[in-house]
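Every chain is named by a letter (A, B, C and D) in the order it is written, and numbering of its residues begins at 1.
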Amino acid sequence: MSKAIGHTCWAIPEGYIPAYSTGPEPQFLSHETACILNTSDQDAHVEITIYFSDREPIGPYQVTVPARRTKHLRFNDITDPEPIPLDTDYASVFNSDVPIIVQHTRLDSRQAENALLSTIAYPSSNS
Amino acid sequence: MSKAIGHTCWAIPEGYIPAYSTGPEPQFLSHETACILNTSDQDAHVEITIYFSDREPIGPYQVTVPARRTKHLRFNDITDPEPIPLDTDYASVFNSDVPIIVQHTRLDSRQAENALLSTIAYPSSNS
Amino acid sequence: MSKAIGHTCWAIPEGYIPAYSTGPEPQFLSHETACILNTSDQDAHVEITIYFSDREPIGPYQVTVPARRTKHLRFNDITDPEPIPLDTDYASVFNSDVPIIVQHTRLDSRQAENALLSTIAYPSSNS
Amino acid sequence: MSKAIGHTCWAIPEGYIPAYSTGPEPQFLSHETACILNTSDQDAHVEITIYFSDREPIGPYQVTVPARRTKHLRFNDITDPEPIPLDTDYASVFNSDVPIIVQHTRLDSRQAENALLSTIAYPSSNS
């Protein structure tokens, strides 16, 4: 029932965490999310590198997605080696030891009404 | 006129059904949808598995998309083997006996104004 | 400068034209759009088939995208062989004689504030 | 740590810059963005061609994305050989000398509340 589907390298060129929010937390906190799905029977050890427009990339951030689990990772929540600065353009690359699938979603609640965006990330074959 | 196009395995890492809605139902009920298209001349028997962050996957949910039809499936509406809990992160995988195409859409009507997201799901080649 | 890029067959499983709108027309008329890009040096003759949940598909609708042009086609505007009904789930398949690229966008203006969604359509290799 | 991932040719069929905005600039200025990620160790020299519905394409616009950097390019900001007209349908094609990844995002702030859309662009293999 649990075949490994997906790729081991993914990229999300768009990244931006708004500097403020409106509405009850945590559901309406402005957030940028990478939804990761691991359908395999092995834990996925994922390394995330963050790219910027004007400085060297930072990382890797280490995340484990257990076997047969999904993890909806908020970029707001990863802090080691350092938090991602707010109101700053960034991009991200995911490398995993088992195939995973990555989808990018943003909830922007800076105004009274939320806005949403989502896309399947870019799966790379030359990892 | 009806060639089978698509893949037999699809994944949607992002899944979340808001716990409440604003506005007239059923059009403005908050919903998470998988739009499935079967262009072939055979009925598609689709099995859906739901993944969570903290428990084993559940399923399969069974859905039939008739030949030359589309089905816009609301995750709110599938209840066998059990309803998908609200306000909970999940992910989904679709396996079909004929090629299909899957697109993921959410209407979030928790606030006065709706928000929308959509993406073609991830088609897997190693099903 | 004008290489033909893209595929000759595309699918959009999600389709839905809201039954009403709010705001000045034509910019804020609720609409469902297929943005088609033809980078080649030949006109693209595109045939669109519309699929439903409960009846046989209709079509083909005929659209020409001239060489080195884009056409942002509103599904509201295609009427031959028949208009697409409002407030009805549908899906669409595009077949072209030269490679094109297709992106799906919806502007939903049923409420005071607009909602937007967009995704690159599904490119098929077995056309 | 910096492998080149991506493709050297990308297309975005949907393009539209709203003619006006609501809210504080520059964050809430209506904008259409191409987020470009260059994970390689060489600068990426990117040439952008803009396609229209009723005139010949213009370009190339020249953009450099330095090694190991992301650039969130606003179409509002590219002016050579000429600014992209507002309230006009267009499409874009990106050609790069090293592999890149491109994601398309729009913030529409014509009304009191923003709307967002995003999708990974279409990667072409026959560049």
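Assume a contact is a pair of C-beta atoms (placed from the backbone, for glycine too) under 8 Å apart; a residue touches a chain by one contact, two chains touch by 3 or more.
For each chain, UniProt lists the protein as follows: A, B, C, D = Sensory rhodopsin transducer.
Computed from a predicted structure; not experimentally measured.
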Same or different: do the copies chain A (Sensory rhodopsin transducer) and chain B (Sensory rhodopsin transducer) touch each other through matching residue numbers, with over half of them shared?
different
Cα superposition of chain B (Sensory rhodopsin transducer) on its sequence copy chain C (Sensory rhodopsin transducer) - rotation in ° rounded to nearest 5
90
Rounded Å distance between chain A (Sensory rhodopsin transducer) and chain B (Sensory rhodopsin transducer), as computed from the means of their C-alpha atoms:
21
Where the CA atoms of chain A (Sensory rhodopsin transducer) average out and where those of chain C (Sensory rhodopsin transducer) average out, how many Å apart are those spots?
30
Taking each residue of chain C (Sensory rhodopsin transducer) in turn, which ones touch at least two of the other chains?
112-113, 115-120
For the complex, which residues does chain B (Sensory rhodopsin transducer) have touching chain C (Sensory rhodopsin transducer)?
1-6, 23, 27, 33, 35-37, 39, 68-72, 101-103, 105, 112-120, 123
Contact set on chain D (Sensory rhodopsin transducer) toward chain C (Sensory rhodopsin transducer) in their complex:
9, 11-16, 49, 51-54, 56-57, 87, 89-91, 93, 104, 106, 108, 110-113, 115-122, 124, 126-127
